[in-house]
Amino acid sequence: MSIWQYANPVKFLTLSEKVQPILWVVATVCVVTGLLWGFFGTPDDFRQGSTVKIIYLHVPTALMAINAWFMMLVASLIWLIRRHHVSALAAKAAAPVGLVMTLIALVTGAIWGQPMWGTWWAWDPRLTSFLILFIFYLGYIALWEAVEDPDTAADLTSVLCLVGSVFAVLSRYAVQFWNQGLHQGTSIPVATGERTVSDVFWYPLLTSMIGFGLLFLALVLYRTGTEIRLRRAQALRNRMERRL
Amino acid sequence: MSLTVRDLTIARGGVPVVAGLSFMLEEGQALILRGPNGSGKTTLLRTIAGLQPALSGQIAGADDRIAYAGHADGIKAMLSVRENLQFWARIFGGTQIDAALDAYALHPLIDRLAGTLSAGQQRRLGLARLLVTACPVWVLDEPTVSLDTQAVTMFADAVRVHLANGGSALIATHIDLGIEAEVLVITPFRADPTDRAGASDEAFL
Amino acid sequence: MIALLRRDLQLSFRAGGGFGLGLAFFLIVTTLVPFSVGPEAALLGVIAPGVLWLGALLACLLSLDRLLALDYEDGTLDLLLTAPLPLEAAVSIKALAHWLTTGLPLVLAAPVLGVLMSLPPTGYLWLVISLALGTPALSVIGTFGAALTVGIKRGGLLLSLLVLPLYVPTLIFGAEAARRGAAGLDTSTPLLMLAGITLGTIALMPFASAAVLRMGLR
């Protein structure tokens, strides 16, 4: 038994279809619970008032916006090294989801920023980085759409994803250097293991983050299934034409 | 050194077009490739020239020995005939372009911009490029397109000289060049459409 | 390799070669800025380093879609691929030719346009240095973008969409160096970062460009 057996589209689809119903249910429950709990079950922040509650939407989507790109990076590497089609299609399927997550994070950030900083938008390093990430997603999706041959498209977008990642990291540091920024420090510093959020806010936030993670997974599985079926239809059509 | 192709399967757009093709091209030998449109001649020649990967099979004796001529000649309209030829000669490590100019009667046109040449003259320039590369294996895709009978004779003569000097040529063409050459008809090697092996779409069927 | 460089330079100087197009574009952009923000010298002086950097960047971008597309159309790329010259070397040379015909003239023209933009006297030297250091990176990154979109019909707009986000770090450090120079501040940090980006991209990007070119030409 190896994980690579799921590189076979049929095996992947079989497993994905078994997992998906559970995934959708758990994801929905977590997202709804996290958001409702966060909105109605937590006290207002003593400084930020009730505006802080957007955190339950803002932080999970921002997290997934970055992780989606990271997932695409890994999938692109797998495609370039092992040439598993499912991997390339999963990267393709994840991009629009990542794009929407980035957009939600940007919009909720603006909504949060208005009462807190008195402005919808500031050229703060984090905000700027997310805007750049958004443009990277756009370029990546546009390249997939523009190349006709699916294998060539997978190759080119994979390299773009790798090169783009390097430049995204570079941009992140460049932007930090360029403007120090308004944005508060991260709520969950991974490196130190400490958090700046108290338990009351943390548990609903955690639920929401898990929910969005699972939602992302479910969406990607679903969209990958669609992409696989599209490719299969195209492959069958090509065969038919050859036979005639 | 001969060009050897063994059990080659090639694909166009993810669908295998030619399967199980084997042949050997010795020094001094020419091979004429025939087959209807869409049978995979261009794909085969591009694969042998190293422009696209084969699905399976081996190609031996092709590395850096091939002068390829496809549908486009790689000629810059804003450079003169001389400059075009000199450029390709230098890229392939040579300098002499006189023999190539002689073979295709390009001397009178030498300082004309390539963009002002007629289609047939441009094609002659494109074929003259083969001579300046000094590569022993010519891989040619429809080399006689837009050539008149006189120019076709020039081309056939150039191929004969090339073969006599120990070179070899693989030519896809529909016309009779009058060169002593074996003919390889590609049709029997047409890939079985029901055969799933190797193609990039394989996993999806 | 020298033959390729010579040919590219020759071609760019001949009719329709596009030499000077980037330069003219740079001039027009710089001329239009005062029309859009007003003629006050104080304001123009403040934004001059950034505007000149942005103008140079856009002028570079403008000529990218000719960089490989013309060679693709007339079959030269196919033939170069079968030539004994490594493709990595070929794309490096093409990037160099692009810099010599686009980037270098921009660097040389920038001080003149700085006068139009009321650039403070302290800024000229740093503007030229930062552009000289940064424009090679623009050419090399641009070559990668051109290689990505080479087989795509009407890929010009897509090329801009792909290349512009990759230009962000270069632009930030380049313009920052020019801005600090104009304000009389220390420029060493952004200049070092800019030099690092340029050297890094020159060393690594040709491999990525050659790889995508091989993929695209299949």
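In this document, chain identifiers A, B and C correspond to the written order of the chains, with residue numbering beginning at 1 in each.
As a working rule, a residue touches a chain if its C-beta (ideal position, glycine included) is under 8 Å from a C-beta of that chain, and two chains touch if they have at least 3 such contacts.
Worth saying up front: this structure is predicted, and the values here are computed from it rather than measured.
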Most widely separated chain from chain A, with each centre as the mean of CA atoms: B
Selected pair, greater C-beta contact count between A-B and A-C: A-C
Centre-of-Cα separation between chain C and chain B, whole angstrom: 37
Distance from chain C to chain A - Cα centre to Cα centre, in angstrom: 32
Distance between chain centroids, defined by C-alpha means - chain A, chain B (Å): 48
Touching two or more other chains - residue numbers and ranges from chain C: 218
Multi-partner residues of chain A (each touching 2 or more other chains): 149
Residues of chain B whose C-beta touches two or more other chains: none
Chain A residues within the chain C interface of the complex: 132, 135-136, 138-139, 142-143, 146-147, 149, 152, 155-156, 159-160, 162-164, 167, 170-171, 173-175, 177-178
Residue ranges of chain C in contact with chain A within the complex: 144, 148-149, 151-152, 155, 158, 161-162, 164-166, 168-169, 172-173, 176, 189-190, 193, 197, 205, 208, 211-212, 215-216, 218
Touching residues on chain A, where the partner in the complex is chain B: 7-9, 85, 149-151, 228, 231-232, 234-236, 238-239, 242-243
Residue ranges of chain B in contact with chain C within the complex: 49-53, 64, 66-68, 70-79, 83, 86-88, 90-93, 129, 133
Chain B residues touching chain A - in the complex, by the definition given at the top: 13-15, 17, 191, 193-194, 200-201, 203-205
